[in-house]
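Have a look at this one before I ask anything.
When the chains are written out, they are named A, B, C and D in that same order, and each has its own residue count from 1.
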Amino acid sequence: MKNFNRIVTRELSVVFRSQSEFVYPLAFFIMVTSMFPLAVTPEPAQLAFIAPGVIWVAALLSLLLSLNAFYQSDFQDGSLEQMLLAGVSGSLIILAKAFANWIVTGLPLVLIAPIIGVLLNLELQANMIAMLALLIGTPSLCLIGAIGINLTVGLRNGGVLLTLLVLPLFIPILIFGASAVEAASIGKNYSGQLAILAAILILSLMLAPFAAAAAMKISID
Amino acid sequence: MWNWFFQLASPKWFYTIARKVTPWLSVLMYSLMLAGLVLGLIFSPADYQQGNTVRIMYIHIPAAYMSMMIYVIMAVAGAIGLVWRMKMAHIVSVSCASIGAMFTALALLTGAIWGKPTWGTYWVWDARLTSELILLFLYLGFMALHSAYDDKKAADKASAVLALVGVVNIPIIHFSVEWWNTLHQGATLSKLEKPSMDTSMLWPLLIMIVAFKLYFVVTLFHKIRGEILLREKQASWVKKLVADSKQ
Amino acid sequence: MGYFDSFNDFIHMGGHGFYVWLCYAIVFIGMVSQFVLAKLSAKKNIKLLSQYYRRAAARKKSQANNDS
Amino acid sequence: MELISSEFNSDNLIEITNLTVIRSDFPVFSPVNFSLGAGQAMQIRGTNGAGKTTLLRAICGLCHSLEGEISWNDEVITPAHQNFYQSLLYIGHALGLKPKLTIEQNLSFFQQLRFELDSQLIQEAMQAFGIAELYDEYVAKLSAGQKRRVSLCRIITEPVPLWILDEPLVALDVDGQQWMLDICNQHLERGGILLITSHQPINGIHNLRELTLS
């Protein structure tokens, strides 16, 4: 547990030294979502209709974008192997890094989502649910993403491959996340979707660190 | 039991057995395939709703069924390879991928073509078609990851991890897509699934399913043999085999 | 003959002949090509390996010559 | 200058039996056998590509497709061998330093993973390697030689018996090399074990054995 805190603290201090990096995914999120009114229609009712999907797809992509910055340097500069050699278990490293990743990338998305929601004409209720769904859903994205990035981090052009590997695994989260917001916006019950998102989070908390740690050791070899 | 298990793990043993068994399996496969085709195309009746397009079912359903079964086999073999560090298991896992991807693509294509006369359009975001599409992505990811690694051993392990992650995800993906589908379109597209099937249609379907399974086993054995030769090129029995085959 | 009255009927399939035969053709092409590729892979690899062994032997020989 | 204060168990023993690493079907080097007890040092030699780094990484458990056995104090090493990893320090080509953290942050992070934080010791280590005045500097601003010195500070801040150093003298100036060799000698006197690779011959470490890879 102590080592968990230390790794998280270290990750955060590295990121906050250069703010630009952690602003990228957030800027990406805002810009992608603001493309939709321009591309589809500025008509308020239609915007509200596509808003849940737009928010979730943009969140998915910006998290995907953040993974490389988070894992590549540790892999290349030897930090990962040093942590492993210090006796820290691979799954703890993954858990700590994924947590830091979420703090830096996921949490800002959760916080900015209501503003995007307003821009896309979502009602208050749906907006709050969007925030809540992102809060439960984005940590799973970070964990599943950790598996993908650790499988591809040692490869020469792993970037596109990472997308190919990870996006299909993101689909359930996308479906339930967007559907919760949609249900809220038409006044239906949304608790089922949120419960499933929570279940997915628990499952990925239990399994993803091990899979990602196995992947990490393969990549280090 | 364990003895047999570990014998199976020896590439040389597998190679010789596969070589002996495949001709027999092939004969069985050809005859079943022929029987299934004759029954399905000529002797089975047309459906009262769908007419003769129902005959697509005799290849579509086996292909879809194989696409899922092969993914599970691929993941289980990968897991065995990871846990017991068994060369053979990785070879099986890797050889499965392209056959599975092909069946997935075939299931998608036949499903789409079936959709045109049935629903009036080639593609609908039907739950089954969508799941199958995602399964194709998973297969492609597996194959892409395996070929991206230079080192074969690392490639085997990495893709085995991916297959395992995928196999845990498939039920979740399937459930989510099914759920999403009912939410958006209602249960109007249940034409593919009939509550009870007439025996005259059930028989050709069952025969085709078995024939497709045999096809998979035979093709897999051929692929595995090719793969074993490449990977065991330092083994003396492979050197001898290659030298013998030249004469 | 079976369900159909004539061969023409069989090809026509009650107006759905195009879809049915297209499906069967695609599946046939896919499965046969996969099968042939798999079947050839062993033979191809034997050829590949015999070249590989020849090159390896040649390399060894030239190395031995260099050493002496 | 006395830097290594802790005495190590004189029973420590690392044994390598028939170790080799398989890369694309071929062993990287012919099987290696040796054992090192307390106070003993060994230099691994070999041409470029002979597998020096690979051997060291294999001993650390960072390579997976290896054959043969590594044992620490008569126990075969497994990935979860806490005892071994508590006793080991490996410094390779990739130094594991974060450019965006200060020297002190980098050193204390690694120290805290295994030991209690000891700022005093970190200060002393930096003094020993002549980088004390750079205390608050970010690693990104250092030269290659200075970075190497920072990573070598860890041999003092993390007092473990088994040092595995891959080309530790690279990029160091004459003074730095001399300090390094002095510290290695002190380590050996205290019962430490040293495994080292180097292109140039190392003069100055007592009783240094040599192993040439082929």
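To be clear about the criterion, contacts are C-beta pairs under 8 Å (C-beta built on N, C-alpha and C of every residue); 3 or more make two chains touch, one makes a residue touch a chain.
Source: prediction; values computed, not measured.
Located most centrally within the structure is A, per distance between chain CA means and the overall CA mean. Separating the CA-averaged centres of chain A and chain D is a span of 37 Å.
Averaged Cα coordinates give chain C a centre that lies 53 Å from the centre of chain D. The distance from the centre of chain B to the centre of chain C, with each centre set as the mean of the Cα atoms, comes to 16 Å.
Per-chain Cα centroids separate chain A from chain C by 43 Å. Annotation for chain A: residues 218, 221 touch two or more other chains. Within chain B, residues 157, 233 each touch two or more of the remaining chains.
For chain C, the set of residues that touch two or more other chains is empty. Interchain contacts (touch definition given at top) occur between A-B, A-D, B-C, B-D.
Across the complex, chain B meets chain A through its residues 82, 134, 137-138, 140-141, 144-145, 148-149, 154, 157-158, 161-162, 164-166, 168-169, 172-173, 175-177, 179-180, 183. Per the touch definition, chain B reaches chain C in the complex via residues 41-46, 51-53, 55-56, 59-60, 63, 98-99, 102, 105-106, 109-110, 113-114, 116-117, 215, 218-220, 222-223, 225-227, 229-230, 233, 238-239, 241-243, 245-246. Those residues of chain D that touch chain B in the complex are listed here as 22-26, 64-65.
Those residues of chain A whose C-beta lies close enough to touch chain D in the complex are 2-3, 6, 10, 13-14, 17-18, 73, 76-79, 81-88, 217-218, 220-221.
By the touch rule above, chain D contacts chain A in their complex via residues 60-65, 82, 85-86, 88-90, 92-101, 105, 109-110, 112-114, 138.
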